[in-house]
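Order as written gives the chain letters A, B, C, D, E, F, G and H; numbering starts at 1 within each chain.
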């Protein structure tokens, strides 16, 4: 049984590569998809495709049209969602992806540092599992195939 | 036609009272519901009902069980969701409520200050309408009844 | 049994008043809702609430945010949709409202002149009933209560 | 990840061939499906299969039974919908396909010339992305696989 | 708790009056709705509203447009469906109404004579309850309020 | 694009073989599934598996448990349903399968002789296409792949 | 805002009366519905309505047809489900009602004694809130209206 | 047609191996998935991944997070559910899995000994088929492919 996993979350380090490498080491039959992880490309995709917009609000809206299109396509094809929250930034995209995944009945794992326990408590409570490290998330994925 | 509006968002000032007062002034046939707005009560509700928990993680999880129960009951009864983001805090509950409302096809208005345009861009893009002030949100509600 | 009817379609004459008057004459227990029928208000509502936009594309997008919000609220509360197509204009809003109503399993009546039989054939085929006059649509509504 | 794309829209030029050719050039793992693009065949399919009908209304209804059957089969198998509007005709089938795709939560791209911005504004607003050229639509599709 | 009951089934005797009378005697808080029970009116409703059709197939199709519209409106408003099969006729409308009710998760009671046990066995098996008399169906309805 | 077609309907002749043979001749990428076509096996399957039942009602109910299980499995895996009605019998299983397929949004073709136009009119009206011969049904299937 | 609460669970003492009395004392705008609480009536309802069955299996199946019909009607009308597990018996009806409520997205509270923590752990984990006493459940209900 | 079967139920003997062996002997195109069948691993998985918890309630809750995640992933991928009840224990997980499968419209077979007829009667009644032995369940699975 092949499963597809959407890796929502911050795009400021290479945690997705780590996930993919560990899945390969464990021989898990998983395919991973994700949002655009090149931050500049993600911010500029609206203007890259549609041309110069009249100000930042419109540039942002054009970019999010296309980022949301991508997320909707990939999340609908996914069987599982992992959402990783880091220490920095507001990360509302991560919160949105995790919340929508839960509302769509996608089994969902949240990865977050101890410092975020309190502000994430209601979202953690709705997700299936909340862990603190990528290794723990990989253990949860492995458990499906035991 | 009576409509019920869920007022998601920060609980650090009395913006909900302002919404209700303005709705009354405009004679809009609206009923408002909301999360627990007493911050301490919201944080302590788990221990208030279930008793002392063995640490903050467990206290938080017990509280969020009950807060999520409340939100699920009230949001399912609502026809419209307004989610207000303030300048401070991570406000992941607000992001979660808005995202779930959108995934449940509840017509949704986001209210946020100009400073939050960029971090909220994907969520704003999925909501029906994004405005900057409560007066603008009230204008959108009024427009239904014109 | 009280029913709510959404009256989609052109806003260039007072056909909705005619529908409401005839329903009253027949004593049908119907409540009617509709899109904004003041054409200028509908086109300007985005700028009226959100302020001046940087060009027509953005003005149109702001208006349609709010018009779509209104339609979504009212159509979700409706038990029946009537969509009236006139001789003029492209009327893509009417086509969109009728199509979405059908996709949402709302029982739907299309009213269209004989001249539009061919271009509307696939949409007519998906609607429950297609008629040519308002009187015929009223007869279909009356038939529910016979 | 293989994706299937439904190409709704006008059937008066070979824009679908252009889409397929460009997808092949970019090596995108996409399969394309579409309505019947032979206009006469599409108009006559009812009589071709069911025999002579007693007038144009009935001929049209018989054809649309079968065209709608085809569309429903193919759109349900699709992951993405692209709807292209041209300058001419009422194109209510295109509007219907795009609207139903959106109501079915299919990620949707609208392609339309600048001249149609105003009449399509509410439908554009509900689609994920609206662009003006096929090249832009291809860029949006490519972005999924970056 | 008021409940609405759709009374599907044959229209060749006044069994619906009997149901309503017995519900009144038992003081059950039930509202009843039903298809058109005037057989000629039901067969002619298409031509009555849309005018003369070019033959019986087209007359039948026009009538069923409007009968199906009526059924869809009333069944969507109902909490319970009772479908009564008599000894005579094919009664495919009754089978269709019962089947669709079950597929829509409407709690469903079938009433049928002993002679129809075998041909109705798969449909009976999917319904919640199958009984042989109206009195038994009334007993099932009463049981809700015990 | 491979499609699966559920062949509902009478099991008194080998029409399903004819469908499969014609699909092969036309090289259509279709897989066919169907109810149990051995009539005795279908009637006895309950007792064959569960043992002797205390009378015909119970024998029938046991058989229909298992027949409905089979139908539910196969219909959920199908993209298209064809329901063929013959001249004889009440064929309520066929009516049930067609009705449930329509309620589940499965694109549906009904095949019925001219003599059944009137009693099947409401069900025909809800199906996508109604034809009189297997060849016509095959033409509709072929049309998907033109 | 009036809410309806389904009280699933054991029928061996009068805990439902206690719930209703406490709701009245707190002036909560709640209506309560429940399964048949007369145990003999619940076991015999099949034979009471349908007559003598040929053995206990058939008597039980007839009773459960009607009990499940009742539960389906009442649970679909409910906004909240409370499921109380006692110390004794297997209580699979309670487990079924709670599980189906959760699968239907009904906000659900489980009440169970400490001794059942381990065997109920997966079901508790899926419910919104698990408590040990009726007073705690009432506190959770009250919290909605604070 | 390949089908996936979720084997819910007790984990105290090797009945799943028996099912798989018999399916292989009959050459049925079935893939089987199941909950964690190592009882200790299932009870300890929360602490195994998340570390020591402050007491049994918390240990159980952590384990059930991960067990429910696994079940949700695998059941969503399954076409059929078989739930086996044994003589011992409360088996509420089995009742929960079967109930949720039924609520999700998964075709469901219950296997239970004669001694459990009465306490399981409502759940049996909602499942498609109830049998007493694994051989009977295999016969039902085989019947799909006859």
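The definition used in the following text is that a contact is a pair of C-beta atoms (placed from the backbone, for glycine too) under 8 Å apart; a residue touches a chain by one contact, two chains touch by 3 or more.
Given the structure is predicted, the values throughout are model-derived calculations rather than measurements.
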Query raised in the report: Tell me which of A-C, D-E or D-F has the interface of A-H again, with more than half the contact pairs shared?
Result: D-F
Query - Between the pairs F-H and G-H, the one where more C-beta pairs touch - result: G-H
Report task. Please work out the Cα centroid separation of chain E and chain F, and write it as a whole number of Å. Result -> 24
Requested in this report: Express in whole angstrom the distance between the two chain centres, defined as the mean CA positions of chain C and chain H.
Outcome: 49
Query raised in the report: Which integer distance in Å separates the CA centroid of chain B from that of chain G?
Result: 31
Report task. Indicate the residues of chain A shared as contacts by at least two other chains. Result -> 65, 68
Query raised in the report: Pairwise, which chains touch?
Result: A-B, A-C, A-D, A-H, B-C, B-G, B-H, C-D, C-E, D-E, D-F, E-F, E-G, F-G, F-H, G-H
**Report entry** Contact set on chain F toward chain D in their complex
**Finding:** 1, 3, 79-80, 105, 107, 109, 128-131, 136, 139-140, 143-144, 146
Query raised in the report: Can you list the chain F residues touching chain E in their complex?
Result: 56-57, 60-61, 63-65, 67-68, 71, 89-93, 95-96, 98-100, 102-104, 117-126
Report summary line: In the complex, the residues of chain C that touch chain A are 54-55, 58
Requested in this report: Please give the residue numbers of chain G that touch chain E in the complex, ascending.
Outcome: 4, 31, 33, 36, 38, 41, 45, 48-50, 65-66, 68-70, 72-74, 76-77
